[in-house]
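Shared between the two complexes below is chain A, which pairs with chain B and chain C, respectively.
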Partner chain A sequence: MEKFTISTRAQRPLSGTTRQAILGVVASGNLELLFERIGGDTVEINILTASTGYRTVWEAVIRDFVERTSPGGVRITIHDNGARPDTVMLRLMQGAKMLEMPS
Partner chain B sequence: MSMWTKQATERARRLNAAAPLTDGKVVAGDNVTALLERIICSEDRVCLEGDNQKQADFLASCLTEVDPGLIHDLHIVQSGLVLSEHLDLFRLGIARKLDFSYSGPQSAAIARALDQGKIELGAIHTYIELFARYYIDLTPNVALIAAVSADRDGNLYTGPNTEDTPTIVEATAYKSGIVVAQVNRIVDRVPRVDIPADQIDFIVEAPRPFYVEPLFTRDPGAVTDTQVFMAMMALKGIYAKYRPKRLNHGIGFSTAAIELLLPTYGEELGLRGNVATHWALNPHPTLIPAIESGWVQQIHCFGSEVGMDAYMSARPDVYFTGKDGTLRSNRLLCQNAGLYACDMFIGSTLQIDLAGNSSTVTPDRIAGFGGAPNMGADAHGRRHTSDAWLKAGYEAAGAEGPLVRGRKLVVQMVETFGDGMKPAFVEELDSIALARKLNMPLAPVMIFGDDVTHIVTEEGIANLLLCRSTDDIEQAIRGVAGYTPVGMARDHAKVAELRARGVIQRPEDLGIDPLKANRNLLAARSIRDLVTWSDGLYAPPSKFRNW
Partner chain C sequence: MIPKNISKAASWYESSARDRINGLLDHGSFREILGPEAGVISPHLALFDLPPAFDDGMIIGRGTMNGHPVAIAAQEGQFMGGTFAEVSGAKLVGLLRAATAAADTAQAVSTVFLLLDTGGVRLQEANAGEMAVSETVRALLEARSAGIAVIALIGGRAGAFGGGGIVTACCSHVIISEQGRISISGPEVIETNKGAEEFDSRDRALVWRVTGGRSRALLGGADSYVKGDVASFRQAAAVTRNTLPDFSLATLDAEQKRLEERLNAYGDCRDTPEIWARAGIDDPKNVSELSDDAFIALLAEKGHAHGAR
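== the complex of A and B ==
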């Protein structure tokens, strides 16, 4: 079990108007994420992970995610349940898409 | 004076010695071991039929009971080494030398036996390669084969799982060898003659029908969202781009996901009738929804699959069936069809290195090859064209013209992390360490990098046809290797350049909505759904029934 926060800046705020989205489930190979719009261009990601020692992988996943979707003004809370990085990335991309939809 | 009939004379001598043990061609089960001791001699080449799905298991257990003082140093030449009896022959000193293709469940035991010096390994072959050598320098002296039924003359019905049998028998029978068939039943009249009696010397009714393992059944219930995501990328980035009409699929979950997306996402992309109409494929239950939706015109099979018989019998326009109405498979011909007549192979593997070489060998397992290397290889003897083949060739050459030949699309689909978080991408294949340990001059490589055209992962597609240097290839592979150590060590600037050149395509470059990457997109989400699609004709084996 490890808990940490990664804060970064995106190039621009995430488009769309949906305020909040929750997706995934805490189950084998899966994970649960809460997306909240907080305004501005920062991206704040709170991670509760089942496996320790993977912070550099998390940082790499988040760097690529921020570069690919520019999710400025979003706070993401992740309960990862030991999911693999590819599942984390897919769920992050899906969460950003959900916020981008008109509310 | 030369003797030109030594083989026929030797054959006659052995048949004479065996005669007291038989009633015509029929041998009682209890007499089989004694029979084998009279028709097999030390140092013979023996094929103990071990196919993907059908093994001469009774004959195998009888062969382990022969006296090793009498019969030893046999050279076993067969495609599948999958029963524990196959290994016992080496442990007991009955056999010494081995040439094979695939070992599946015995992969760990083979590695141990090689390490202990119990097996003298000739080579691990691809299927067509081993079958070819049956006719050149690995012709069996004795073939012990399996069939569904025989009449008393020795005509055989090999049924849906015909697989390797005609190839083995042809090589043995026409070179003065001896062929023994175990059958599930001796009948008055076989449903159809798959092997004529002329080529069969002895038949024995086995105490139990040969066992068939459902190797090609993938439960749609176990397909993950990530696999759906990758299947969407493959359909949009490869099927829609090259439009391969003739193809082969591997047996993994990623390709099962593609099969299950044809009637949904493939339909949405307008691909029905334009791709995937003609197949070299085992009878995958997950293809049923696409067949029923009118995607598939015809399928030739390497072998059969448990539970698919009634469905295939009811779809003779799609499958190759005999006049009796049941499937006729043939591994040699289907492999050949896949090599020469297909525009694409797509399948998964365990490990890929920085040059795109792939292998399923792990440090203590030698699984052999199965069908992938013949399917996943560009056939340099091919001369006919197709749009997909030419398009791939032109991309590789960076030019078009009357002397620019096409390329087979060879696509590897892997999730960046496999079971137990094992990275699929490695700096060096485990098979190289294994080759070093066992002094093998050539490491077992499933598909060599120079045959691979695309690698699909959840991170995107790497198009190796567009790579112009080994550095391009290495960074294209690192660029889709995700968060494995190989992926983390990528050169970010180079990967960005490759993405700008279209060598790497991310899902967003392909316009794929990640929200659609959901199991709900599958045409069937359970084995039960497959039964429904098949009008109740598909009869899944009990281990797949959870209702």
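== the complex of A and C ==
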């Protein structure tokens, strides 16, 4: 198991007013994510993953996600149980959409 | 083939624990206790190099059902097989005890719904899990003694096995779908201990024929049989709230007598079609092939009314 944090900045704060969202499940090949608004333009992603040695892949997926959705002011905490990068991307986009919905 | 009439309805079996809660209670009424942001996670899983879940696979809280305050707990069957462990068990026990403590106060709830979906105790936290099951049983019976209905809803991927089967049997009412399964020892456990001749865990039809919702409903192990969509579970949960028997010695004696008679009548049967044949059901081999509507009609005619739970 490996634990690390990836911090970056987004172009804009994420729109919408929902404060928090939880999605996904810690099942094989899946992951759960907790999205929390923290304000500002930083994006903080805390990752706990069952698969060791994939940090560069996580960084690439998150760079792509931040470019696409600009989720400024959001902290994302992830419990991963071996999800593939495409599943991770899908869940990140899903979580951002949930926060963008009116609360 | 997926039947046309349910293809667009949310399936209980396919839904996550959180989706089941939201589909069961009044829209937007659920208030979670110890939600994911509280960070109350298993202290043991990291020792085994396993990732935890924010809610430890047990979501608890309060909400309303047709405007009436209720308490609710839902297990996530996909996380660690929907297990009883230290944190998940403490959350469930706490919810039941809080419901009992709140009886006859402004915070009272009429019902606790248990959306169980579990293979039993979590092996990595076995001692804490076994304790959790026994404490859950005690807390559940105390809630029933305080006049609170405790209703199990079974229809998830993991079924209700091990401690989950015991907890289910202690409830005041059990609602089940065809996909739901209730038992103590799981098929793999029986096969490991007694061999495939005793119970072939890979024979899916056999597993569902014996432990599945239809046989449980026909034999009185479950009280309400519903179609597998979330709306049907909600409908059954709403009507059973006020129709429960007394939790008294007379009720338990009657149930004990019913179970003895059942064992005498069917104890030597090797498979469910033999039971259905003795029970006078036409075409006993076909029970698992019937449509839900046809089965519900058969159940109304031939089912063992429980009445004693």
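The criterion applied here is as follows: the second predicted complex is superposed on the first by the 103 of 103 C-alpha atoms of A that agree within 3 Å, B and C clash if a C-alpha of one lies under 4 Å from a C-alpha of the other, contacts with A are read in each partner's own complex, and residues count from 1 in each chain.
The definition used in the following text is that contacts are C-beta pairs under 8 Å (C-beta built on N, C-alpha and C of every residue); 3 or more make two chains touch, one makes a residue touch a chain.
Keep in mind that what you see is a predicted model, and the values were worked out from it rather than measured.
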Considering only touches as defined above, state whether A:Gln20 meets chain B (first), chain C (second), both or neither. second
In the overlaid three-chain picture, which partner chain does A:Arg12 touch, first (chain B) or second (chain C), both, or neither? neither
First (chain B), second (chain C), both or neither touched by A:Arg55: neither
Partner chain(s) touched by A:Asn81 [first = chain B, second = chain C, both, neither]: second
In the superposed arrangement, which partner chain does A:Met93 touch: chain B (first), chain C (second), both, or neither? first
Check: chain A residues flagged as touching chain B and also chain C none
Quick one: in the complex, what on chain B touches chain A? 224-226, 229, 415-417, 421, 457-459, 482-483, 488, 506-508, 513-515, 517
What part of chain C is in contact with chain A in the complex they form? 16, 18, 35-37, 46, 49-54, 76, 78-80
Sites on chain A touched by chain C in the complex: 1, 20, 22, 25-27, 30, 32, 34, 36, 48-50, 77, 79-81
Which bits of chain A are touching chain B when the two form their complex? 29, 56-57, 60-61, 68, 84-87, 89-90, 93-94, 97-98
